[in-house]
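Presented sequentially are two complexes of chain A, the first with chain B as partner and the second with chain C.
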Partner chain A sequence: MASSAAVPFWRAAGMTYITYSNICASLVRTCLKEPYRAEAAAREKVHFAIAKWAEGKPEKPSYFNTMFMYSTYLFVGRFKKLVDRKQLS
Partner chain B sequence: MAMAALRREGRRFLISSPAVAPRSAIFSEDLGSFGTRSISTQVVRNRMKSVKNIQKITKAMKMVAASKLRGVQVKTENSRGLWQPFSALLGDAPSIDVKKNVIVTISSDKGLCGGINSTSVKVSKALYKLTSGPEKETKYVVLGEKGKVQLVRDSKKHIELSIAEIQKNPLNYTQVSVLADEILKNVEFDALRIVYNKFHSVVSFVPTVSTILSPEVVERESEAGGKIGDLDSYEIEGGETKAEILQNLSEFQFSCVLFNAALENACSELGARMSAMDSSSRNAGEMLDRLTLTYNRTRQASITTELTEIISGASALTG
Partner chain C sequence: MYRQACRRLLLRPSARAAAAARPFSTDLPSAPSQDTTFVEAWKKVAPNIEPPKTPLSYLKPRPQTPTSIPSKLTVNFVLPYQAELDSKEVDMVIVPATTGQMGVLPGHVSTIAELKPGILSVHDGNDVTKYFVSSGFAFVHANSVTDIVAVEAVPIDRIDPNLVQKGLAEFTQKLSSATSDLERAEAQIGVDVHSALNAAITG
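After this line comes the complex of A and B, so read on.
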């Protein structure tokens, strides 16, 4: 893996590029005005149930919803503030 | 006046119904007074009614699938532009030999869609056999209930993740990318092979495999030369290294290819459902024709029996 010198803050926080681009996309979507905002919100809906399997048996499935995603955005926002204030390097 | 007419009608009905009752007694399966036996038309009539209902339902399902297909097809064609640049840049190498393979099988949640799920599962199993060997590890990630049910029968030890309820909302990129993210986080892989049915037209769905390599393998391949070896001729802007960019590109490529694969599979599912329901309504129509013939034959046979009884009775009286 590359040295930590060139790693962007979101990679250091454990996010993948996909999560990062999704957050940026939803930020862009919140900049819209009505009625386009409602149309764009319809394009952001997420729902699926994922179950991990261990030794041939599925464990209890966990549900992914649009609300679940938004909780990660708050986490990242706080992390970025800490990095900017140089409290975390 | 009206009451008298009604009473007359009622009396006519009463007269006719006792005549009907013995006729249905003759029609039901029992030995008549002269040992005549006739097949019941009630049973045939019930069957005809249920087959007609089934035909109506399958016709309606075909219409629904056709209308949904139009919308999804537009989305699919637009999504093809997402992964084509990746194929141009990084190439698609299905014959690559790596240690850790993960087979992502895309199938549908609902049934009545013909044989597309079985073909996907067959291709996945063949791919599993191809990629397994000493020191190699192959795992399944299943999207959709139908594929999971089929794979659980003999490969349940090799399933890593199973995902359901994808089509609750119309497919959009955000959903598939979150899904891709989950897969990337939970599964270790050197190469991901996505198995899906590519939508060529309403009657043709071809099972396809798309291969996505992890960034380390891409790095290794680019050093080895070949199509990916041209990566060094690109200039990298910004403060990022090549490994960094390759990792971002690989994740984004997986997300885009998975999005396209999910859409193509949804299109194929709708098209397959259309043709399955179409052939089902046609079969129901043929069945209805045959049942009508049987019904008419039995009805005419029983009428003939009655007529011969009446005539022989009359001739016995006069003669």
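After this line comes the complex of A and C, so read on.
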């Protein structure tokens, strides 16, 4: 079995297909004309809360109520990088 | 013990023959709309009560693979928030696959194609409807039903040319100044999408 199949550049950089697809979609949404752009932005809202755990108990969660999906991926990418480097423990 | 039982089940001559002759999903007969064994068992236990409807009875039966090539293609083009085309009969669909623009006619071989950002055109007689698709997949089945799924698809006239130019300039600049692999990949995606949008408006 060939394990050296040509991988797309985004997979080689560590991105999954879903991330790639969602980034493409949010870029298309930002290039729309005015009334459609507002409707599309409403579709993109993501609500999530991040809670850090220390000693088996969750600390107070920080809420991010609305964030554009593209910036969510950037944020999660940076967050994960910081956690990996133990700058945010 | 159970491991040996599984192996023996698979090595039975009848099982091996069945596995060798496994049909494609579109070659199978349409699934029955009611599970007859369930209905009979129900009637034995509660003959006066109607048997409950199962999800199978709500499904539309799968279209059969026709023996001759049909004259029209049935297209289902869906987005997460809306169904753009729902079982529409058309003559041809051109999808922007990663391997290039692919035209799908009735009787096309079964294909799964990953889509890249580009133009999807639906041809029905003399009408051509074009959409810009961000990314997704196109499944062509043996019975000439084509399912196209995309995350975002817009008619070409909804794209703003100024924003496209601005985005293209911004991402080309980000690509040249990118440091890590991830940043470079994101900038490359931006450049690809905006170039495709540009080609869609001008082409």
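Assume the second predicted complex is superposed on the first by the 49 of 89 C-alpha atoms of A that agree within 3 Å, B and C clash if a C-alpha of one lies under 4 Å from a C-alpha of the other, contacts with A are read in each partner's own complex, and residues count from 1 in each chain.
As a working rule, a residue touches a chain if its C-beta (ideal position, glycine included) is under 8 Å from a C-beta of that chain, and two chains touch if they have at least 3 such contacts.
Because the structure is a prediction, the values reported are computed rather than measured.
Asks: Contacts for A:Lys45 in the overlay, against chain B (first) and chain C (second): which applies, first, second, both or neither?
Replies: It touches chain B, and chain C stays clear.
Asks: Is A:Lys33 touching the first partner chain B, the second partner chain C, both, or neither of them?
Replies: second
Asks: Going by the contact rule set out at the top, does A:Ser21 touch chain B (first), chain C (second), both, or neither?
Replies: Both partners, chain B and chain C.
Asks: Give one of first, second, both or neither to describe whether A:Val7 is in contact with chain B, with chain C, with both, or with none.
Replies: A:Val7 contacts chain B only, not chain C.
Asks: For chain A, what residues appear in both contact lists, the one with chain B and the one with chain C?
Replies: Chain A residues touching both partners: 21-22, 25, 43.
Asks: Considering only the defined contacts, which chain A positions touch chain C in the complex?
Replies: Per the stated touch rule, the residues are 9-10, 12-15, 20-25, 27-34, 36-37, 40, 43, 74, 77.
Asks: Any idea which chain B residues touch chain A in the complex?
Replies: 156-157, 159-166, 168-169, 172-175, 177-182, 184-186, 239-241, 243-244, 247-248, 251-252, 255
Asks: Which residues of chain A touch chain B once you look at their complex with the stated criterion?
Replies: Chain A residues touching chain B: 1-2, 6-8, 11, 16-19, 21-22, 25-26, 43-53, 55-58, 61, 64, 69.
Asks: For chain C, which residues are in contact with chain A within the complex?
Replies: So the residues of chain C in touch with chain A come to 81, 117, 132, 134-136, 151-152, 154, 158-160, 163-164, 167, 181-182, 184-186, 188-190, 193-194, 197.
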